[in-house]
Structure formats: C-alpha cells, structure tokens
Amino acid sequence: MAKKKPASLSCVTMTELVLPNDTNTLSNLMGGRLLHWMDIVSAIAAQKHSNRIVVTASVDNVSFSKPIPLGSVVTLNARVTRSFNSSIEVYIEVWAENIPSGEKIYSNTAFFTFVAVDQSSKPIDVNEVIPETDKEKELYDGALRRRQLRLVLAKRMKPEDANELKSLFKLD
Amino acid sequence: MAKKKPASLSCVTMTELVLPNDTNTLSNLMGGRLLHWMDIVSAIAAQKHSNRIVVTASVDNVSFSKPIPLGSVVTLNARVTRSFNSSIEVYIEVWAENIPSGEKIYSNTAFFTFVAVDQSSKPIDVNEVIPETDKEKELYDGALRRRQLRLVLAKRMKPEDANELKSLFKLD
Amino acid sequence: MAKKKPASLSCVTMTELVLPNDTNTLSNLMGGRLLHWMDIVSAIAAQKHSNRIVVTASVDNVSFSKPIPLGSVVTLNARVTRSFNSSIEVYIEVWAENIPSGEKIYSNTAFFTFVAVDQSSKPIDVNEVIPETDKEKELYDGALRRRQLRLVLAKRMKPEDANELKSLFKLD
Amino acid sequence: MAKKKPASLSCVTMTELVLPNDTNTLSNLMGGRLLHWMDIVSAIAAQKHSNRIVVTASVDNVSFSKPIPLGSVVTLNARVTRSFNSSIEVYIEVWAENIPSGEKIYSNTAFFTFVAVDQSSKPIDVNEVIPETDKEKELYDGALRRRQLRLVLAKRMKPEDANELKSLFKLD
Amino acid sequence: MAKKKPASLSCVTMTELVLPNDTNTLSNLMGGRLLHWMDIVSAIAAQKHSNRIVVTASVDNVSFSKPIPLGSVVTLNARVTRSFNSSIEVYIEVWAENIPSGEKIYSNTAFFTFVAVDQSSKPIDVNEVIPETDKEKELYDGALRRRQLRLVLAKRMKPEDANELKSLFKLD
Amino acid sequence: MAKKKPASLSCVTMTELVLPNDTNTLSNLMGGRLLHWMDIVSAIAAQKHSNRIVVTASVDNVSFSKPIPLGSVVTLNARVTRSFNSSIEVYIEVWAENIPSGEKIYSNTAFFTFVAVDQSSKPIDVNEVIPETDKEKELYDGALRRRQLRLVLAKRMKPEDANELKSLFKLD
C-alpha cells in the first residue's frame, strides 16, 4: 500500500539571476531559459516527494505575460499537487524582481508532470500526496481534469471519455 | 494590408549534440534543455517569417515519450503554421538519432506561439501564412482551435465561446 | 538618517543541481563552483536589503568539510547580518541533499561582504539591519569582530587597535 | 619518508577573458566568478605538486579592491607555499589588464588549501615544499600562522593554543 | 570490401543564435566559437556517414571574412566529401543571417578531417563516399590534393612526392 | 613610422581543465573546444602586441595527434611571430598534462592570424615584431611563406606569384 506524504514537504525555492546569455536582443529573459529553470525546480520537487529519480513526462500549456529584463532576480516555487501511480504533477509559480526598484511582479504558473523510475528506468509507484492548505486542496482537486486534458491532447484518451474535463466546458 | 508569405520560407533545422551537462542522473536528456532548444528554433522560424524581433507568448502542452541518451544527435525542425495579427504559431518536430546504431527515433512535437514586436516592445502585425503542402494546410486549419484552447486555459476566453474548440469534444 | 529594515526581508533561497561540469574527477562538486553560487545568492540578499547594486568586497574564511556528489541538490540560504555605512555583511548556510536517499547534510557557512554603489560606482549608505531572532542577534553581535579581522587581514587596521577581535583570543 | 619538491615546479598561469556572463549589471567581473577561477588554478598547482587528486579544503579571507571591467584579461598565478601531511596551501596572485590601454592592475591575492586524496577519497601524505626565492620563503614561514587562524576560525583549535597566530597580534 | 554510401546521406544543418558570450568587445561573433560549431556539425556528418565514433584529425586553413554581429542566426551545412581508409573529409558552408533585415551573408567554408575509431580508439575503415551532384564530384576530386597538402604541412609527406598538390602550382 | 616591439612582450599562457562538457563520447577533449581556446589565447597575444582590438582573420591547417582525456590540464602558450600592416600572425603551442601520472605530452601547434581594428572596425597598422631568440627568428622568417600559402588558399594570390611558397616545394 502506498504511503502518503504532505505536499508541503516537497516545496523547493529556486532563485536565478538573469544574465546576458539568458536574454534576447531586447535584453529580456528568453522563454526557453525560463522553461529550463521550471523543469529543474519541478523535477527537484517531484524527487523530494518520491525519493526517486524522475523524468519529465509533460509540460502543460504555459503563457508568458510580462517581459523580465536583464539583471532581474527570478524566484521559482514548486510543490507537488497529486500523484497517479508513478506519475507526479508539480505546480510552479514564478516571480521576477527588479532589485533596485524593489518591484516584484508575478510572471506565470505552470504544471509539469514527471514519472518516477527505478535504476533500470522502469516506472515505479510513488507516495500519495496529502493536500493541507486550501490552495493545495484546490490544486489536488483540479489534477484529474488536467490529467484528462493531457491524455486527450496526447491522443491517449477519447474526448468523450474525459468526464472531468467536460465540466470545464460546462457541458454535462 | 498584410502581405502573405509561404510557410516553407520560415523552415529552420537545428542540430544539437547531447552533452553531459544536458543530462539527468540516468544520462538522458533533461526535458528542460529540450524545451530551451525548442524555444530557440521556433523563435528563429517566427523571426524569419516576420522579419521582426519576437517574444515567446506561450508553449502548448508538450509530452516527452522516449528517453534520449547522452551522445545522441537531436534534430529540431520548425516552421510557422499561421499568424493572427501580431501572433505567430510555430510547429516543431523533434527527432533523436543514436549515431553508432544509425537508429533515428521520433521524439515529440510542439506548438510555440510568439508575438512580433517593434523596438519599443509594442506588438506589430505580421505577414499572413500561405500553407502549401497538405501537412501545412492541416496545421493551418487546426491553428484556430489550438488558439481557443490557449485562450480558455489562460482564462482570456470563456469555454462556451470557444466554438472551434468544442468540435474537439464533438459536442456541437 | 538611515532607515532600518529587518534582516528577514533579505532572505534568499537558491537551489542548484550538481551537474557534470560542476564536478572534479572524483565526481564531487568543486569548491570554486560552490563559492560562485554563494557569491550570487549573497549578492541578491544584499541587494534586497539595500535596493542598490552591490559589488563583492570580501569573502571570509570558508571551510569545505564533506564531499557533495554529482546529482545532489544544493540549497543555499542567505540573509544580511549587519551593515556599516555602505558595507553589508551577508551570512550564507549551505546544505546538500542526496535525493534518492533523502539524506540532507550540512555543508558549510560563510560570510560575504558587499559594498552598495550608485550608478557611477560610488559607495552609498544603506539601510541599517534590525535583527529579530536569537540567531540574527548573535550574527549581528559578531559582525564587528569579523569586520575587524577582515581589516587586520587586509592590513587596513593595526592588530592592536582591533579591540573586538582581541576578545576572540581572550586576551583582554 | 616524504619527498621534497621545489615550490617553483607547481607554478601555474591561467589567463581568462571577462565575457558578458561573468559580469554584474555594472559590467564588472563578479567576485564569485573570480573565486571559481582561483579555485581551479590553485587546484592545478596543488595537483602538480602532489601528483594526486586534490579537493578544496578552505579558502582564506579574500578582498576585492578594484572593479575589473568586461573585456579585461585576467591573469592568475598560483604556486604551493607549504604542505602539512595531506594538506597543501597554495598562494594565488591575480592581475587584470585593460588591453587597449595596456594598463595592468594588481587585483588581489588569496590562499586556498587543498587535501590530497587517493582514489577512495582518503587523505594521503604529499611531498614537502622546498621554498627557494625570498618570496617563497616568506610564504613558507607564514603558512603555520595562517593554518592556525584557519583552525581557530573553524573551531578546530582553541585560540589560546594558537601560538604562531598570537604573534600576529603582537601579544606574546 | 568497403561499402559505398552517397554523400547526401551525411548532410547536417545546424542553426545557432549568436549570444553575448559568443562575441568579442565589438559585439561580433568570435572566430573560436565559430570553429567550435564547425567541428561539432562536421563531426556529426562524419558520424552519419560512418556510423562510428569519430575524432577530429585536422582542420584546413579557414579564413573569416565578414563580421557576424550579436543576435545573428548562423547556419552551418556539413557533408562528407571523400574517405580514405579510416579518414573522412567533411566540407562545411557557413551563412549568417540578420533576421530583422532578412539579409543573408555567406561567411566561409572549411574542411575538417576525422578518423573513425572503434570502442578502444583504434582506427577503423569506413564506407566509401559516392558523390552525386556536380558540386559533390568537384569536392571529391579535390580531396586528394587537399590531403597531400595536409600531409606536407604536417611533415608526414615530402613536398616532392605530393604529385596532386603540385598541380595547384601548375608546375608539372 | 611603425614602432617595433619584441615578440616576447606578447607572451600569454592559458591553462584549462578538461571538463565533461568539453569531451566526446570517448571522454577525450573535442577538437572544436581546443580550437576555441587557441583562438582566445592567440587573440590576447595579438592584443598585447598591438594594444588594439583584434578580429580573427584566419587559422592555418591544424592537426590533432593524440587524444587528451577528461581531467587533463591543457596549457596553451601564444606569442606573435610577425606583423604585416594591420595583420598579426600568432604562434600557439599546446601541451596536455595528466596530473596524477605527471606525464606531459605535446599536443600540437598552430598559427592564427588577426587583423587589428579601430573602434569603427577599420583595419589599422600595428607595431612591427622584433624576434629575439632563435626560435622567434625562425618563426619570423617563415611568416611570409605561410602568408603566401594563406593568400593562395583563399584565392587572393596566384600560385605562380607565391615566390616564397614555391621554395617549400623546392621548385625554384
């Protein structure tokens, strides 16, 4: 029987400085570099939850809203939301801070999904997640719907079978 | 009036070698590094189409299926699918090749969306895309549906207004 | 008159993954890479405290005790301890975590000192530090002694004038 | 019985160009990058002296005096000063050169200490150092005092037992 | 008996973005970085032809004509020209594109030579090259002359024995 | 009238450690990385001679003979040989050292040529080179022949006009 572990034990905070090679010709952080950091911080959160090596299985739709200029301090917070057998969903929030002005802006959020594997790369079941705060419970509850969307988009589930997902479109 | 430009003129091929720092503890390519490469190659495709500086606006759901080991040659092909005002959608296909064995595996596909901007970072309209091959036409036709899904997920469109998207769920 | 700001507002947590290029031929983290990370995290703490650009003025004696193997997760916590005019001392604690085993080891601590500067690189006075917890008060109280040791070692203060420092040797 | 080897046989010169990613927002070299280079050049000197793998044990107090701008050529010279069983102290001098002007400025000096280890990471005794020049003899003579300061600061020696160190404060 | 394989099967296209760390103080791409990229793309072409690990044996004279500014897109095309036992010659063409202006300039060409090796690093014979286009045939025909020049320059062939090479100087 | 400056004043020594990302799948240093280092060290030598910004004009034929394994210490020595108007030829010698064994192997030599430019990127005449040692005189004397070979290979000189070069083939 799977053990259970609070979501909060997987929390990871990562802080990065936006250096010249991370920026585009407008001197703003490139989206791809941010995705790279998001993958690393969420992989660490998934590893802390599972005490296993994890491999990235998918990233959900990510939107980038505001430019993050050179020299900014980027803070990424990650924590697991829910697990399904060997699969672990991680929620990441990103802020950017302009140090001289002290202004801190919300950048974006994302969901990365990982598969826990053993040394021979075979999937292995992981601890269940115990959500404690209201936010954690909300993320836990939405996890099934997001999972169905992922499976539909990857053509591994028929849209008409995605019962949870349909509710997003208020169709049932 | 916007000019039109064939999708094929935006084609970019990028080849990368998987080096030690790109890999996880199982010596396979980390998902975040691949996302970083996908962002760069698709930004170049969007720039070739628009002759403008572009900034990453979003990445759609990406799934990673097979591990790509250290030393592999990763080939990324990107081309624009369709534009909407200042917004440009790019389609990327990724292959990985184990050189000694000569085995080439399909890794994954993705859609990145960019916004073309002028020197003061303000959005600016771009060329329309002319799809020519069957594949290009199929990608062009699906672009509106993917755009609606992005807007719904970013909470900038109500699900009930996403007419194109509903067809995905065969509900209308 | 200088403003005062609690030490806790400057807290920064940085998380890094030990990748192959960070390691020596025994596959353990190189000391120089860790010093580099310590400088970045403490510079960010000093910037958060001062809302100024800061430049590294000195690093105190740092000891490295236990090897940190490839694949470890390194967590660095930094917070300011005390300021002297334009000079800011930052305290950093480093832990290393072996994710599969869940073992977390204390690695080391260090003190980095920064000078806050204006856009023309001239030193500028910064906020004073308000220590709140017992640990913060202890760090605040020891700051003068460490400052004297730095000045003596840099030959900018005569040993016999370093009154605070002498107490370290229980000589007065 | 340990062999003896002249200090000069361990000399290493390293030259680095200050590139954009090495600089802070004032376009000057970051202290942490310089510490990283100092660790590498001194580790090589310790390896040349001992013909062993070495691991960084400590870095003594380092002060950074003058800013080193982007595009500068940084020259680091390292040589061993003295060994104590498996421990090797290395002295590093750093210069920075502004090539177009031909101006060469002295940046700083530092002492790094390494432990020589065998393939199973166990400390192993190394060659003794033969100082030949006046400068080498002065560095050799000061090594014991610096070693005591390190041990006191690391709380591995009582200040009152640090006989050599006390002389620094002219107290005996 | 060695197998034969068309030159076109070894074609590799690599696309790189010129980032700040790739540039000199005039913000143009450094020659050394371009040589690094040329080595990688041509090594991949040689591996695709031989299905072997390859090691760089030599690079022929390379001239750099026009500066390539920061933010440019550099495209490298590589294909094998001819093989001699375990040795494989690769031809590389480099273009640079200023995306906003759409201007694409020819940068340079080069020849890299590789040796195919087995797992114990011993040279091993490779497929012969079948040239198909006129350009491929011209490159194939010139390969022997270039090979003699390499051997003469490496002092492994006497100039007077380099019959093919002499024709370059129209002396026979 | 151009000033004259001894070759020895341009000497630069660079030391690099072979890290995992510098190696191929056999764990030996990649040729392209070594070329990158050679370009940097020789550019510094050319800058020291000319007190000007320099840009890489060409690299002569380089051969790589022996594999340099991971963890090796690579030492590069560069010095100018001769100048022609705004053009500066630099000679580089490369050694690789296996530290635990103490074995130092000669790797290769190369000639890089640079053009000195002013702030608007226009070529500008530089100091003449004074060769002092026998080795420097030999390098100085061969410079014209190498220059003719470069011009012939770049199709900027007719082979029949390359009088110095012909002597290489003992034809006159």
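For clarity, chains are labelled A, B, C, D, E and F in written order, and residue numbers in each chain start from 1.
By definition in this document, a contact is a pair of C-beta atoms (placed from the backbone, for glycine too) under 8 Å apart; a residue touches a chain by one contact, two chains touch by 3 or more.
None of the values given here were measured: they were computed from a predicted structure.
Chain centres computed from CA atoms place D at the largest separation from subunit B. In summary, the pair subunit A and subunit C forms a contact in which both copies contribute largely the same residue numbers, shared numbers making up over half of all those used.
Taking the mean of C-alpha positions as each chain's centre, the chain lying farthest from the centre of subunit A is F. Overlaying subunit D on subunit F by C-alpha atoms takes a rotation of 180 degrees, rounded in steps of 5.
In terms of their C-alpha centroids, the spacing between subunit C and subunit E amounts to 49 Å.
Per-chain Cα centroids separate subunit C from subunit F by 43 Å. Look at where the CA atoms of subunit B average out and do the same for subunit E: the two points lie 31 Å apart. One finds 20 Å separating the Cα centroids of subunit A and subunit B. For subunit C, residues that reach two or more other chains under the stated contact definition are 20-21, 25, 40, 53.
Applying the touch criterion to all chain pairs gives A-B, A-C, A-D, A-E, B-C, B-E, B-F, C-D, C-F, D-E, D-F, E-F. By the touch rule above, subunit D contacts subunit A in their complex via residues 20-21, 23, 25. For subunit E in complex with subunit F, the residues that touch the partner chain are 24-26, 28, 30-33, 35-40, 43, 53, 55-64, 67, 112, 117, 121, 149-150, 152-154, 159-160, 162, 165-166, 168-171. Residues 19-21, 70-71 of subunit C are the ones that touch subunit B when the two sit in their complex. Contact residues of subunit A toward subunit C in the complex are 12-17, 40-41, 44, 47-48, 51-53, 73, 97, 99-102.
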